[in-house]
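The structures come next, written out as structure tokens.
One chain, chain A, appears in both complexes that follow, with chain B as partner in the first and chain C in the second.
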Partner chain A sequence: MNAARKLAWGLVLAVCAMSLAANWLAPAGYAKQFRESPGAPPSHRHLLGTDEIGRDRFARILYGTRISLLLAPAAALVSTAFAALVGGLAGYIGGIWLRVARGFTDLFLSLPWLFLLITVRALLPLNVSPLVSVLITFLILGLLGWAASARVLSTSALALRNSDFVLQARASGVQGPRLFLVHVLPNLKPVLYAQFWISIPVFILSEANLGILGLGVAEPLPSWGSLLRELEGMISFREEPWRLVPLLLLIVVLTSFQTLLSNEEVTA
Partner chain B sequence: MSMSIRMPGRRSFLRLLLCFALPLIALTSGSAFSQNGGELRFCLHSEPKTFDPLLVDDDASVSIRYLTGGVLVRVNRHTQDLEPELAESWNVSKDGKQITFNLRHGITFSDATPFSSEDVAFTMQRLMDPALHSSTGDAFRSGSGAIGTKIITPDQVSITFPASIAGLERLFDQVAIMSAHSPKKEMAVLGPFMVAEYKAGSSVLLRRNPNYWKKDSQGRRLPYLDSIRLDVQSNRDVEMLRFKRGELDLINTIDSDYFDRLAASSPHLAHDAGPTLDSDFMWFNQVASAPIPEYKRAWFRDTNFRRAISQAINRDDLSRVVFNGHAQPAVGPVSPANKFWFNNRLKPEPYRPDAARQRLQAGGFHLQNGALFDNDGHPVEFSIVTNAGNKSRERMAVMVQEDLGKIGIKVNVVTLDFPSLIERISQKFNYEAAILGFRNVDLDPNSQMNIWLSAAEDHAWNPQQKSPDTPWEAEIDRLMHAQASTADPKKRKESFDRVQEIVAEQAPIIYLVNQNALSAVSSIVEGASPGILHPQTFWNAERLTLNPTTRASR
Partner chain C sequence: MSLPKMLLWKIASHLGAIAALVLLGGLLSATLVRLAPGFDADERELDPTLNAESVRTLRESRAGEHNILRFYSGYLRGAIHGDLGTSHALGQPVQSLLRERWPVTARVAGFGLLLAWLLAATLAFTACLWRLPVFEILGITLSGAFLCIPAAVLALLSVILNAPGYLAIALIVFPKIYRYSRNLLAKAYALPHIVAARARGLGEVRILAWHVLPVAGPQMIALAGITVSIALGASIPVEALCGLPGIGQLAWQAALSRDLPLLVNLTVLVTLVTLLANSGADVMIYMLRPREAA
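And then the complex of A and B:
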């Protein structure tokens, strides 16, 4: 493991640890409104100041990081599993199934993602708790984000299908699900890992995009998306540099993920 | 080789002195030379949809109509009084059906065609043509039947409507008179400026109308400015940056965050003109056919429940925190900024969570482990929808969520894209409570008929009722019709005062705040006096000047 990867692992683990320890580290709850000091600068009471309605920014970053970092991998898991099911199986079976799966994937990729997300979000029931809204948001992201991974997986599965060791397994009488599960799937693992790691930052950014539109995680729960919304209308970085902390955190985490996944991709 | 310098003679010296001195006098003396000229620059936030003054219904086109259109009468944006413009005087008949205008003599359009009563008659006939679908004309549609126009003399015209129209004369503030004879009707204007150039998606250039009829007290023809450049710019961040760089001279409306930042760095450029006519409010869904649980509908239809919610909301905090103090707790349908129509006996609902709890307990609700339950044991929980992207409303919803949490009510805040929100609140009625705002541009209560009549489409909490659902809604219907059917301002005010009182008693709409009119005006602009009515900063555009010294340096 080279130094850059070690540093990346260290940063990701440190950020995860801090967010998991939010209950102890945060000076106040993420929803507590200190209405007497909205938009306050950093102080010993509020390390990163308060947001526009007086909520402690440090607390919201800790809790928001927890939500984004826990649920983005969960959404990535859902989308990678779905991609493996559609792309991997279609590539393995081949023939008309492969053509149908690729056509369906292309159709899905051609849909305007953002509008699709907005439409699906608008159709959901209104009276759900913020926590359920978080789960729904990331589940939607997971269910809509499988198509690009499916294309990669179908190509890899097709290559494996025609490989010598699969032919040898077939010649030995191994067929059907056993051939897929025992011989093909384990060899797809590096590609699956790579797709999983690639998807995490994509979902973090997608949630951030939805949050910027006000359609992400429901208030008062924080997420990186809702935290980044604070930067809207910020004309000068010099005025309130502490407001840039969520953006810096996002950059650090995404860069770390990129550093981690590059090696996996090489392996794949 | 020799070089000689020839000294100037006395005459030459005087010429030289004049050459230097005249520009210097021009720059320093102000009034004599600095009144005319220059280009004022500001932004439109969207593309103007039309240049036809009778078809205007978007903000950008309204601004252009204001700057280019000549009207018979004008509501003074400061005093809110009606003042003569193209009409020297007017007379409304006792039954409120007929208005007669006495026009100014010797006025011409920008293309030099003369202005007469024929143009007024032509404009009104075209405005009221049902095929035109003019929203400006809708305000004049009081009953079935056509309007009648009678040209009495070239300077006198009377217009007769099929039914009485309350506040008839004030409606003419929105009617820009068109030429009956000019070949390019939309381009021939009577206002201070005329459209000179339009680059789609980029800008509109207005040049001064050389035939504008008004003169200042010293007899100089208005407007002072040579031109106005209106850049189409929807991004408020970019607009503010350009203003700070000196590329723009004014911003008509800015939000409180920008305002405070500007006020911190350049306090003389930021203007807070006080509360506007606009209001932000919350209401509950009371539609009988709405797909919400019956027990929730029962809460929402209960006056005690609505009043308790109103008492539990801290409006002072909303004004102070969300709008940085640039808003006032709202009282009701009419903002205190509306000098004539506001009911002075009413006050904003004070923040009294204890009184709210008592009121709820009296209505059969009870607290259990900090959560509120109704008589049948249902936990009191509902969602508030508002439009995504509107930061101030989202913040208000979160603060209301916390305030109501203090009396045991669980609120879920849901932000939706605007089309989805409108579909839910006006077609499917699939929502529980909503926070939205009302952008009121008209002072007269007639502009609120579409909200208060129980049969109206915009009767937010329970629209399009076949007959009024409640006695108090029937009373509001009666009072709104009564005020609309008389021309007597005193009687109209009595009726509308009572409407405001009923709204305060029944709280079908829980008014939250009236935002202040915030604007930014560069120090280059002289004569600006930002007000609360549209167009806040350039309502006196014909009298605005640009400081010659600053103008020269940009």
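And then the complex of A and C:
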């Protein structure tokens, strides 16, 4: 492991640890309003100041990071599992199923990602509780983000299906689900891991975009998307530079993820 | 089959596939709209001045929409006659809204794409031509940084800095173009016949024009088709946050007000444009290298 990857791991783990320790680091919580000091600058009491309605920005960043960093991998897990089911099985079965699955994935991939996201998000109720909004946002990401991974997995499964060892397993009488689960699926693991890791930064970015557009996690729950919405009121960077902290944190985390995704993993 | 005939066949098969995908996408969208929570709700029913008879008439007028196939066939019949329905939120025909807004998006996304390609291609080609680490580092750093910034944040930053909307689109699309084209060019330059040409002292421009571009060109054309889709997706946050009255802003407004008929039409339109761009790229590749593409 080279130094850059070690540093990236360190940064991701540090950010995760801080967000998990939010209860101790910011005991006031993300929703408590300090009504006597709305829009306050950084001080020893509020490390990154308060937002327009007096909530501690540091606490909101920690809790928002927790939501984004816990649920993006969960959404990635859903999308990878779905991709394995659609792409992996279609590639393994082949024939008409493969063509149907590829047609379906092509249909999904022909839609611009953000258009698809906001269309499906708009189909579901917008006035929901914050917790439901979190579930809806990340479930949508997980259920819609499978197409690209499915395409990759179907190609890999097709290659495995025609490989010598699968042919030999078939000749030995192994068939059906057992052949898929025992011989094909374990060999798809590297591709599955790669697709899982690639999906995480994509979902973090997508949640941020949805949040800024007002279609993500609902208030008062914070997420990186809703925290970045604060930039909307900015007139210049000099005015309140501490407002840029969530963006800097996002860039640090995503850059770390990019570093962790080595070429081998991406092309696996 | 002769070449022009094969080309015509290729174009026809693409058009057929596009029509099938758009019809299927439309049916899928119509189904989702029909199944969406609150589809049956009509705010007019809450009007206290309406009597029971009027409310019943309102409900009966929507009865035809309950069956998905009838709902979709009615939509298709209307679409063939140029009637794409009426926006619930804006109270205007969808067709006139699309006619008004499409040129703005075409201009903003078009300029953005052009700028992104210019920037990415310049950086990728200079990095490969001159092989100076500074260009490599610059390209990787810039593309890496912009890949980590959400599209909506780039749009907000362009508002704060008073930069035009197309610049935000360019910066959103640039990293994808740069990374892919840089990899393509690097792979092409590593081919044995190009290494041999370099070793024999052939000029860099000649190597690029005669040996590299024919290898990497078709895939770069395919990339051009894909970037249309990325630019259209980027137009949502950029237009919404920069106040540009285009298709992206319209989609955002439709999503916030749950204007489902408008949203479905926009999705179908964007899918159509994306498919046309990808098919156009595919046909162009075929025209350039018919044997290999076949």
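Quick note on the criterion: the second predicted complex is superposed on the first by the 249 of 268 C-alpha atoms of A that agree within 3 Å, B and C clash if a C-alpha of one lies under 4 Å from a C-alpha of the other, contacts with A are read in each partner's own complex, and residues count from 1 in each chain.
The definition used in the following text is that contacts are C-beta pairs under 8 Å (C-beta built on N, C-alpha and C of every residue); 3 or more make two chains touch, one makes a residue touch a chain.
This is a predicted model, so every value here is computed, not measured.
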item: Contacts of A:52 with chain B and chain C, given as first, second, both or neither; value: first
item: Superposed model, chain A: greater residue contact from chain B or chain C; value: C
item: First, second, both or neither for A:38, with chain B first and chain C second; value: first
item: First, second, both or neither for A:251, with chain B first and chain C second; value: second
item: Chain B versus chain C as contact partner of A:129, first or second or both or neither; value: first
item: Chain B versus chain C as contact partner of A:190, first or second or both or neither; value: neither
item: First (chain B), second (chain C), both or neither touched by A:118; value: both
item: Which of chain B and chain C A:29 touches, first, second, both or neither; value: neither
item: Contacts of A:94 with chain B and chain C, given as first, second, both or neither; value: neither
item: Those residues of chain A which chain B touches in one complex and chain C touches in the other; value: 118-119, 121-122, 126, 213-215, 232, 235
item: Contact set on chain B toward chain A in their complex; value: 236-237, 240-241, 244, 255, 257-258, 261, 317, 320-322, 324, 381-383, 385, 388-391, 394-395, 397-399, 401-402, 412-417, 420, 430-432
item: Contacting residues of chain A [partner chain C, same complex]; value: 103, 106-107, 110-116, 118-126, 201, 205, 208-209, 212-215, 225, 228, 231-232, 234-237, 247, 250-251, 254-255, 258
item: Residue numbers on chain C that touch chain A, as the complex places them; value: 21, 24-25, 28-29, 32-33, 35-38, 144-145, 147-153, 156-157, 160, 229-230, 232-234, 236-237, 240-241, 251-252, 254-256, 258-260, 263-264, 266-267, 270-271, 274-275, 278
item: Residue ranges of chain A in contact with chain B within the complex; value: 31, 33, 35, 38-39, 52-54, 118-119, 121-122, 126-130, 133, 213-215, 218-220, 229, 232-233, 235, 239
